[in-house]
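Each chain carries a letter (A, B and C) given by its place in the written order, and its residues are counted from 1.
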Amino acid sequence: MSDLYAALGAAASLIFSFNRDLVEIVLLSLRVSLTAVAVAAIIGLPLGGALALFHFRGRKAVMVGINAMMGLPPVVVGLVIYLMLSRAGPFGTLGLLFTPTAMIIAQCCLVIPIIAALTRQTIEDLWEEMGEQLRSLGAGPWRALWTLLWEGRFSLLTAVLAGFGRASAEVGAVMIVGGNIDHVTRVMTTAIALETSKGDLALALGLGIILIILSTGVNGGAFLLKEAAQKSQMS
Amino acid sequence: MRGSFVYRMALVLVLGLAAAVVGGKPGGAADRFITVASTTSTDNSGLFGHILPIFESETGIDVRVVAVGTGQAIRLAERGDADVLLVHHKPSEEKFVADGYGVRRFDVMYNDFVVVGPKSDPAAIRGMDDVAAAMAKVAAGEAVFASRGDNSGTHKKELGLWKAAGVDVDAAGGKWYRETGSGMGATLNTASGLGAYTLADRATWISFRNKGDLEILVEGDPRLFNQYGVILVNPKKHPHVKVEDGQKFIDWLVSPAGQESIAQFEIDGRQLFYPNAKKEGS
Amino acid sequence: MKPVLSILPLALDKVTFEAGGKRLIKEVSCALEAGPRSVIIGPNGAGKSLLLRLCHGLIDPTSGSVLWSGAGGKDPSLLQAMVFQRPVMLRRSVAANVDYALSLRGLPAAERRDRVDDVLARTGLRRFADRSARVLSVGEQQKLALARAWALRPQVLFLDEPTASLDPAATLAVEDVIAAIHGTGTKIVMTTHDLAQARRVADDVLFLYRGRLFEHSPAGVFFEAPRSAEAASFIEGKLFWRRKEIAS
């Protein structure tokens, strides 16, 4: 119990002193995860929608594959991306290893399946509800895709938030491809891992509390946005 | 259209995100930096936090330390993902140079290992001078021992000591001998939680914040000596290596200024690392 | 937007539809002419909805053909519209729902605005223009679906049991709108299982039973002197519907 109180104390003192290192780590965490989620959404939303609407050979296999990839172990993804970006690897000349960009790439790989799989289900359900009417009105498959993506925007926002949750909470991928370099690639989760390995459990837990506050903040913001949009809908 | 509010909010969010992405970049291409592959025990002790700012202010070169296990650090350097290698296992380091991955090895500093264990000391090894004998006693009494089990310098040192003690730990795996397969800090956490014995480098031990019931029981045996070496990654194998800046770092480490800064690093008034670079190197 | 040519008459030639190993539409042949309001009636499970979808092109026949008259090179599907039993509304305003349909046709914004205004006024929905479509009652939503179809100025309007989910007052309101649409020159093809509605609306009747077209005659003829025993039973209300799975 005393560890928990110590953790709360550590978290409070870090926050209220506007600890510069903490601010730096928080900003980097947000930058990496939000960018990864944004890119993953740009790729995953149309991908999931296309998977829902276009029936091609092997579609079921792709669906199962993407669903399975929702459970990709972050550390494995990190390892694969490391091998690709390593100087000894195929994309080594890009010099991306141990940079925030590599971390964004790795997190993208983790988040895209989540967004795509959830989008597919949402769009499939919407198509069942509206497909005939849309076809009757003359919407081609691509136009229908965009229409349904906007139609399902509230459910899809939840899918994107699920993706953000995954990205901001993982440590395995960013640790390997980022290297947890102080002031360069250290984010909340890798900082927590570091403090744990130094035995400073109170500080590690305190950082964990801050991370949860951060995640709550992002989700809270999204919720308010959704409420406002729905209210302007209902008038 | 009613949706215009939503569009405006979304636009604000996207712009904010873009600003964060673009504005957050640490410096630009003008940033001078080298990548050093080192070990978690060295980093966790806080040494780098002390000496690197001195080097950086003198030279303007940013030193980025990737701290992983010894085995992984060497692998990183072999693949050319680092410019400089700084670890503490001489045989591996010499092999690294011999295989052509490194240019030349230099001694930098040393510290020592200690055997820590629970205050109650069930194997009764406190104060022993002979570390191999002490470990033989731990094995004989089947007292719980936490090993790093990760092929690190510490792990290899530990295995060497078991050999000297005539103990076969492979047979004991999972019983009194627990291999955590992780770094020094994680292993110490495990030892603290289990009330187990373990071998740790003194620097990590002193700066470790979760000692719990553990304390140093055996120290001082010359076999517990822990030498650190630094090597420049060979540009012949990896042309992109930052030879000039990497060499500057090595030169500084073995110079009187660098050596002094190492010696000055203390925790709780206790010096952790002892500089011992040879005057002409290697 | 005046079409170059009429796409009517629509000619069905031995149209058959099979699904799940069962023949649900059996060799239906008929011609739908411009002008009269055609109502397809029959008991539930007769295949009325299926036939409508085959005509509109939402599903393809297993054999046989559905042929529109030449539309002067224009895609005939652009000159049709359909309204379903349950109105399908997008999560946006009433006006935006109509505007969406028009945007699919590529009309410029100014013309879209005019048409939206026009159909909303004609269907009495103008005061709801900026409200979310989904907060309207079912009856109002169905009127909106009609308005949306009307804005497209179709030559043919298909309606699949459009008032089955509505109360009597809403039913009459919807029938009024359908009449108004017919008044502007659109061919009406509607299905219903409600005999009274058929009597009110139909100019000519197609009687469908178990996937087969038993009769196609002017309304007066059909209701006074049906040619088949099944039709006679149906008119008397004695033809009980059979549960049939319709693949749609």
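Everything below uses one rule, namely that contacts are C-beta pairs under 8 Å (C-beta built on N, C-alpha and C of every residue); 3 or more make two chains touch, one makes a residue touch a chain.
In this text, all values refer to a predicted model and were calculated from it rather than measured experimentally.
*Asks:* Determine, using the mean of C-alpha atoms as each chain's centre, which chain is farthest from chain A.
*Replies:* Greatest centre separation from chain A goes to chain C.
*Asks:* For which chain is the distance between its Cα centroid and the global protein Cα centroid smallest?
*Replies:* A
*Asks:* Could you state the distance in Å from the CA-based centre of chain B to that of chain C?
*Replies:* So the centre of chain B lies 77 Å away from the centre of chain C.
*Asks:* From the mean C-alpha coordinate of chain A to that of chain C, what's the distance rounded to whole Å?
*Replies:* Result: the chain centres lie 46 Å from each other.
*Asks:* Nearest whole angstrom, what separates the Cα centre of chain A from the Cα centre of chain B?
*Replies:* 31
*Asks:* For chain A, give me the residues that contact two or more of the other chains.
*Replies:* Residue numbers touching two or more other chains: 233, 235.
*Asks:* Can you pull out the residues of chain C that are in contact with at least two other chains?
*Replies:* Answer for chain C, listing residues that touch two or more other chains: 92, 130, 132.
*Asks:* Please output the residue numbers of chain B that touch at least 2 other chains, ranges allowed.
*Replies:* Counting only residues that touch two or more other chains, chain B contributes 2-3.
*Asks:* Okay, in this complex, where on chain B does chain A touch?
*Replies:* Counting only chain B, the residues touching chain A are 2-3, 5-6, 9, 13-14, 17, 20-21, 24, 26, 35, 40, 44, 48-49, 64-68, 78-81, 183-186, 188-189, 192, 207-211, 238, 240.
*Asks:* Looking at the complex, which residues from chain C come into contact with chain A?
*Replies:* So the residues of chain C in touch with chain A come to 53, 56, 58, 77-78, 80-82, 84, 88, 90-92, 100-101, 104-105, 130-132, 134-135, 148, 152.
*Asks:* Which positions of chain A touch chain C when the two form their complex?
*Replies:* Counting only chain A, the residues touching chain C are 129-130, 132-139, 143, 147, 151, 153, 233-235.
*Asks:* Write out the stretch or stretches of chain A touching chain B in their complex.
*Replies:* These residues of chain A touch chain B: 27-28, 30-31, 34-35, 38, 86-89, 92-93, 95, 97-98, 100, 179-184, 194, 196-201, 203, 225, 228-229, 232-233, 235.
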